[in-house]
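Read through the structures below before going on.
Shared between the two complexes below is subunit A, which pairs with subunit B and subunit C, respectively.
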Partner chain A sequence: MGQLKMKREGLFSKLAINLMFIVYCAMCLIPVLLVLSISLTNEKSLLTDGYHLIPKEFSLIGYQYVFSGTTSILNAYKITMIVTAVGSFLHLLVTSLMSYAISRNEVRYRNQVSFLVFFTILFNGGLAPYYILITKYLHLKDTLLVLIIVLLVSPVHVLIMRNFFKALPDSIIESARIDGSGEFNTFFRIVLPLSTPVLATIGLFISIAYWNDWFTSALFIENNKLYTLQYLLQALMSNIQYLLSNEQASRAIEKSIGMLPGESARMAACVLSIGPIILMYPVLQRYFVKGLTLGAVKA
Partner chain B sequence: MLHRSKYIPSVIAYILILALTLVGCGTSSDSGNTPSTSENQNQTKTTQETAKPNDPPVELTFYIANAPVKDMDRIMDAANKIIKEKINATLKLVVTDWSAYPQKMNLMISSGEPFDLAFTGSWGELNYFQNASKGAYLDITDLLDKYAPVTKSRVPESIWQGVKVNGKIYGSINYQVWGMAGAKGVQLRKDFADKYNFDWKSIKNWNDLTPFLDAVKKGEPGIIPWEYSNQADNFADMPLIYGMDSVGDNKIPGWIRINDKDVKVFNQYETEEYKDYLKTFRNWYVNGYIKKDAATMKDYLPDRKAKRIAALYANPYPDLVDMPELGVQSFMSQAPPEDKVYSYSKRFTEPFIPANSPSTAIVAVGANSKHPEKAVQLIELLNTDDSLFHLLAFGEEGKDYKKISDKQIEMIKDMYNFNWSEWEIGQSYGRMLWDQNANVELSEKMLSMIYEADKTAAVSPVMGFVFNSEPVKTQIANVDATLKEYLYTLDSGSVDPDKYYTEFLNKLKKAGADDIIAEKQKQIDEWKKANGK
Partner chain C sequence: MNNNLSAAAAAQKRFKKTGFLHHRTFLQEMVRRWPFYLMILPGMLYIVIFNYLPMFGAVIAFKDYNPVKGIWGSKWIGFKNFEFFFKSDAAWRVTFNTIFYNLLIIVLVTVISVLFAILLQETGSRMRTAVYKSVMLMPFFLSWIVGEYIVYALLNTDQGLVNGIRKSLGLEAIDWYSDAIYWRFIMPLAYLLKQVGYTSVIYVAAVTGISSDYYEAAEIDGASKWQKARFITIPLLMPVVIILMLLWLGKIFNGGLGDWGAFYNLPRESGILFSSTDVIDTYVFRSLRTVNDIGMSSAVGLYQAVVGLVLVLISNYLVKKYDSDSSLF
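Moving on, here comes the complex of A and B:
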């Protein structure tokens, strides 16, 4: 009797939990599907029929516009991917090396160094000094490097990683030392493999930050071969806005391609910008899980 | 041994930080050098080719707002051939997206980064007047006379007054294709006006429109009789309709009357005109001529594109009374052209040049420019050399456009396209090329009418005066907040003016409207004295 009741209760809660997550998933998925659908709908149909999950009048004009409009989107994809890959790797390397150093008790002045890092969370010079530093002193304007360097260290990430390293048991590192492992060897062979959860987390944060960064490009990049994807899409959007407000321009465009695809091009750009970065999640998820179980066994 | 190893991580960290900084410097100076050396090679090559023994051409940078342009390099190569031959210089046109351009320019100015030419203006965050008085731009009063006489002479002297700061010119006016003089009025759908026998030729103010709006409301379900848009408020954004002109930002209290020789500043929200306006628009709203959510609506384009608007505010000069033949190409704003929604346009006012219109589009020379003479020569070239201007605006003939008649072209799809931003770099008028949609004869007649009006139109009594809002910054911010709260709901007729009008005025006073008006008056009086008016 009791067992049956328990089973039933279990069934009920399982149902409730599943239902809740189904609804939650739908709430997350439907807007994305809507974006996809709008990007595939004829602009005129959008104005007269409104938005639908299944396009009323199918059309690829939004994508056509995005791809034909300006300089090569594919080149921008390439630049963004290079920046994201190289940038995320270097960010992880620099951040982990630095955080490890200031997490170890035997390092002198670690608190002073930590303070210098964390000070910048609270106080920074603002945009104009930042611009002056990059252009006048580092001479990084119009280089691929500027896109990588400005995001290379984030104080928040250093803080998170330092706390993670601090939580690692000292005894592991000490025993490695006793076994004759050098500092680099200890760091790369012992500490980092133990830290996949934090590396995955920070890696995810920073790759998304690199992927979505358009402002650096807007400020410092003037060579059209170095435009990043997000900057190009942003420029495309504000150009559509500008063209729509310019009577002469929108009339001329309408004559040649029908209606200027405002909404659908906007959503097409959105779909394109989701792009490969969405693949980061399933790839990195493995490490989250691995890290969690690893910690569980230890505890 | 153990003691030493303690330092290793920190030493590594320091070295890495140092190394990264150095790497940053190293590569950047490398990349800074490579293009310039290759350019030098190009330059020596071309100087040998043209066999000109004089100095190598200087590179002029020109910053404008525009989306990235396809095939820009090809067009720039062709353009630079012309520029090099004419003034021994090359042009490097740097385009920055509209959403980041003003910020980028302001950063470049505050960091003292040199540039030769830049597009600017007195709207949005472009801040021409502030930047000019800060010393960001070069005083080109004399340079213009010397190196750009044609550009200078084409623009009437009264309009040059509008870009002067302390009596000096800091930028060349892109005297726009559509001229300076404007009139305010309305645009009506032709089919409805004809159907209800509305005498559109005799409307002179908002009230005259009421019968038309009423007929549309009763006879045309699904049509919005009047478009109120908070992007262009029917009172606060169009002082001209009420015989007034704004001083500084439109909506901030402190307007003047255009026929007032003493130039007295007053609060526009306290005038009889405003009370009449509120009465009319409340009446329109209550009767359903204005959309219910008009006060908060951000995007008016969908309604226009879906042809749901029967009448709206417009800047019709010349209107259909001045030039009836314009009717064949006069469509409702933003309506799909293939649907041919014809319109009537009627202006309420005489052509007039407001104080802020000369500074709409300006090309300024940077204060740190190394070649200001060449820069001004380039301004002259862009304004007078039609082949150069057409090249930049439309591309190369045969590749990017086809000529379909003497003055008309057809753009080729997916080729070079300057995004209709050529008004930022200058203008070639008189022999302007038109795209395939324009009716050349009509457009030229219209333009000549506008240019004529520019010489005769009334000019704002405060032309050339620049309001410095710094002393009343706080009051302006407070007033702005009050305006956001009340203005659009009152002006769209959404709330009853009997209840909220006095409240609105009191709040404005409390926010410091009177201080702003007094400050404007003080500055205008000083300006008048200094200019002997």
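Moving on, here comes the complex of A and C:
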């Protein structure tokens, strides 16, 4: 009898736990689905019926408008992809080289270098001097380079990688050295191939950071040919006109539905910016969870 | 003989102190280990230019910045920029909001995430746990600009989903974007939704790392599930929890680099909402890019950086006193 009661109680708590997670997951998913639904709804229906989770009147006009011969969103895609690819590659290269060197015990000044890296997590000079440095002294305003440079080295990533390299068995590196392998050769041929978990995780983090970066553009970019996806989205929120570089095509669409498909086009642009992340999500997630066990940051 | 011995002793002493048998000068070390120092060079150069130079540039907080004369040529004006800031209404508002939101969010995220991490083991099916984890993690990968779109889709007065539901229930529509009080709840909620999944997954990884021996021993002693969580899981999770909290604390006052995009984007820079959405970061950014007041911006930025440093040092000291293994440094 007692056992039966316990079983039933266990069942009840299991049910409650699952219910709670289902509600929480719904809170994560529904907002994204809402954006998707708005992007697929007829503009007139949006104005009269409001937003719904399932489109009342299905229409692709938003997407058509976003792509209507205007080049701005495609250009933003191009810029974002270049920045993400080049930036992530350089980030991994610079970070792994530096972290490997300061993970080696035979490097005498490793602790001093680690401290200089770590200190920048704790203290910084603030935004204004940084802004002046980049615009006035380095003349990087309105360049593709600045979009890459701002996220090029992250002190936290350096420390995470250093801890990973520290855990690699010393004997591998020693024996390579005895076999006459130079330090760079050892690093690229032996150490890096052993480090795919940490490279994948940091690479994932930094590519997401590059992809989602709006702040660098907000600070340093005025030329609309250099708008990234996030920044274009931000600009679109206040003014849909940013999409119109081909007036003729957009006028034709406007005429055909009798209005400017502002809301659906905005949400369509938003969906297009999330698209690649959702498509990559299974891969992202796998490496993300794998990488979490790589160890915490400690100086 | 005697001489030899003392030389050996000295070498041993040096080895104990420095970890090296032979004394070498800086230059000798550079030459001997040049490949490693070459590896360090690009990263170090970057950190010196982009992290340390601005620290020296922070002196403009004490100057009347003149773009033509540059940082060094501008006139010293002492604490005038600070005075201006601390006498304005904004000083109290942004400081309060920054501390309020960060503490609230740190505590809520930590408590909920630890709870989730424990409960995720109790769903009764590995598959369900995996599905919950993947869905919960998703918002973490979306930017705050996308967040702005989402909040707009939900809360837009005329068409938004929330007001749509209110109307269908016979309630009046609420004008979310013109009453600051709602944003005291919206901001933390948005933050939680983005952060909890990520933090929970980290804690789940830590929980699965706990040896099953502990739980088996506890079971033999007749411990209940609650007791196991209370006396095994939570204490063993503490080091990870503390490190994450310390790192976050450092971010609170980390000018420009912390994750403050929510406060800038979600309320759409609406002045009516500033009383509950303006934080130090948004203030610094606005005075730099919108108002174009470099002096004010740098003063507030420096204030932020110094308070942040002090905060981390104090908490780290406290953590170290309580448990030296969990401290950041």
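As a working rule, the second predicted complex is superposed on the first by the 194 of 299 C-alpha atoms of A that agree within 3 Å, B and C clash if a C-alpha of one lies under 4 Å from a C-alpha of the other, contacts with A are read in each partner's own complex, and residues count from 1 in each chain.
Following the convention adopted for this analysis, a residue touches a chain if its C-beta (ideal position, glycine included) is under 8 Å from a C-beta of that chain, and two chains touch if they have at least 3 such contacts.
No experiment lies behind these values; they were computed from the predicted model shown.
Peer 1: In the overlaid three-chain picture, which partner chain does A:T143 touch, first (subunit B) or second (subunit C), both, or neither?
Peer 2: The answer is first: A:T143 touches subunit B but not subunit C.
Peer 1: Touch test for A:A101: subunit B only (first), subunit C only (second), both, or neither?
Peer 2: A:A101 contacts both subunit B and subunit C.
Peer 1: Could you say whether A:A218 touches subunit B, subunit C, both of them, or neither, answering first, second, both or neither?
Peer 2: both
Peer 1: I'd like to know which partner A:G126 touches here: subunit B for first, subunit C for second, both or neither.
Peer 2: second
Peer 1: Pick one for A:Y109: touches subunit B only (first), subunit C only (second), both, or neither.
Peer 2: Touch status of A:Y109: both partners.
Peer 1: In this superposition, which partner touches a larger number of subunit A residues, subunit B or subunit C?
Peer 2: Result: the larger residue contact count on subunit A belongs to C.
Peer 1: Report for A:L233: first if it touches subunit B alone, second if subunit C alone, otherwise both or neither.
Peer 2: second
Peer 1: May I ask you to decide whether A:F118 touches subunit B, subunit C, both, or neither, giving the answer as first, second, both or neither?
Peer 2: After superposition on chain A, A:F118 lies in contact with subunit C alone.
Peer 1: Which of the two partners, first being subunit B and second being subunit C, lies in contact with A:L152: first, second, both, or neither?
Peer 2: So A:L152 meets both subunit B and subunit C here.
Peer 1: After the superposition on A, what does A:L279 contact: first (subunit B), second (subunit C), both or neither?
Peer 2: A:L279: touches no partner chain.
Peer 1: Of all the subunit A residues, which ones make contact with subunit B and with subunit C?
Peer 2: After superposing on chain A, subunit A residues 47, 94, 97-98, 100-102, 104, 106-109, 113, 127-128, 131-132, 136, 149, 152, 183, 187, 215, 218-219, 234, 238 contact both subunit B and subunit C.
Peer 1: Would you tell me which residues of subunit A are touching subunit C in their complex?
Peer 2: 13-14, 17-18, 20-21, 24-25, 27-29, 31-32, 34-35, 38, 46-47, 50-53, 94-95, 97-98, 100-102, 104-109, 113, 116-118, 120-133, 136, 149, 152-153, 155-156, 158, 182-184, 187, 208, 211-215, 218-219, 230, 233-234, 237-238, 263, 266-267, 270, 273-274, 277, 281, 284-285, 288-289, 292-293, 296-299
Peer 1: In their shared complex, at which residues does subunit C touch subunit A?
Peer 2: Residues 18-20, 24, 29, 33, 35-37, 39-40, 42-44, 46-47, 49-58, 60-61, 65, 67, 70-71, 116, 119-120, 122-124, 128, 131-139, 141-146, 148-150, 152-154, 156, 158-161, 163-164, 193, 197, 201-202, 205, 209, 239-240, 243-244, 247, 250, 254-257, 261, 265, 268, 284-285, 288-289, 294, 297-298, 300-302, 304-305, 308-309, 312-313, 328-329 of subunit C touch subunit A in their complex.
Peer 1: Could you pull out which subunit A residues touch subunit B in their complex?
Peer 2: Residues in contact with subunit B: 44, 47-48, 68-71, 94, 97-98, 100-102, 104, 106-110, 113, 127-128, 131-132, 135-136, 138-143, 145, 149, 152, 183, 187, 215, 218-219, 222, 224, 227, 231-232, 234-236, 238-239, 241-244, 246-252, 254-257, 259, 262.
Peer 1: Give every residue of subunit B touching subunit A within the complex, in rising order.
Peer 2: That would be residues 5-10, 12-13, 16-17, 20-21, 23-25, 27-29, 31-32, 66-70, 72, 94, 96-100, 103-104, 107-108, 110-111, 113, 301-302, 305-306, 333-334, 336-338, 411, 413-414, 419-420, 435-437 of subunit B.
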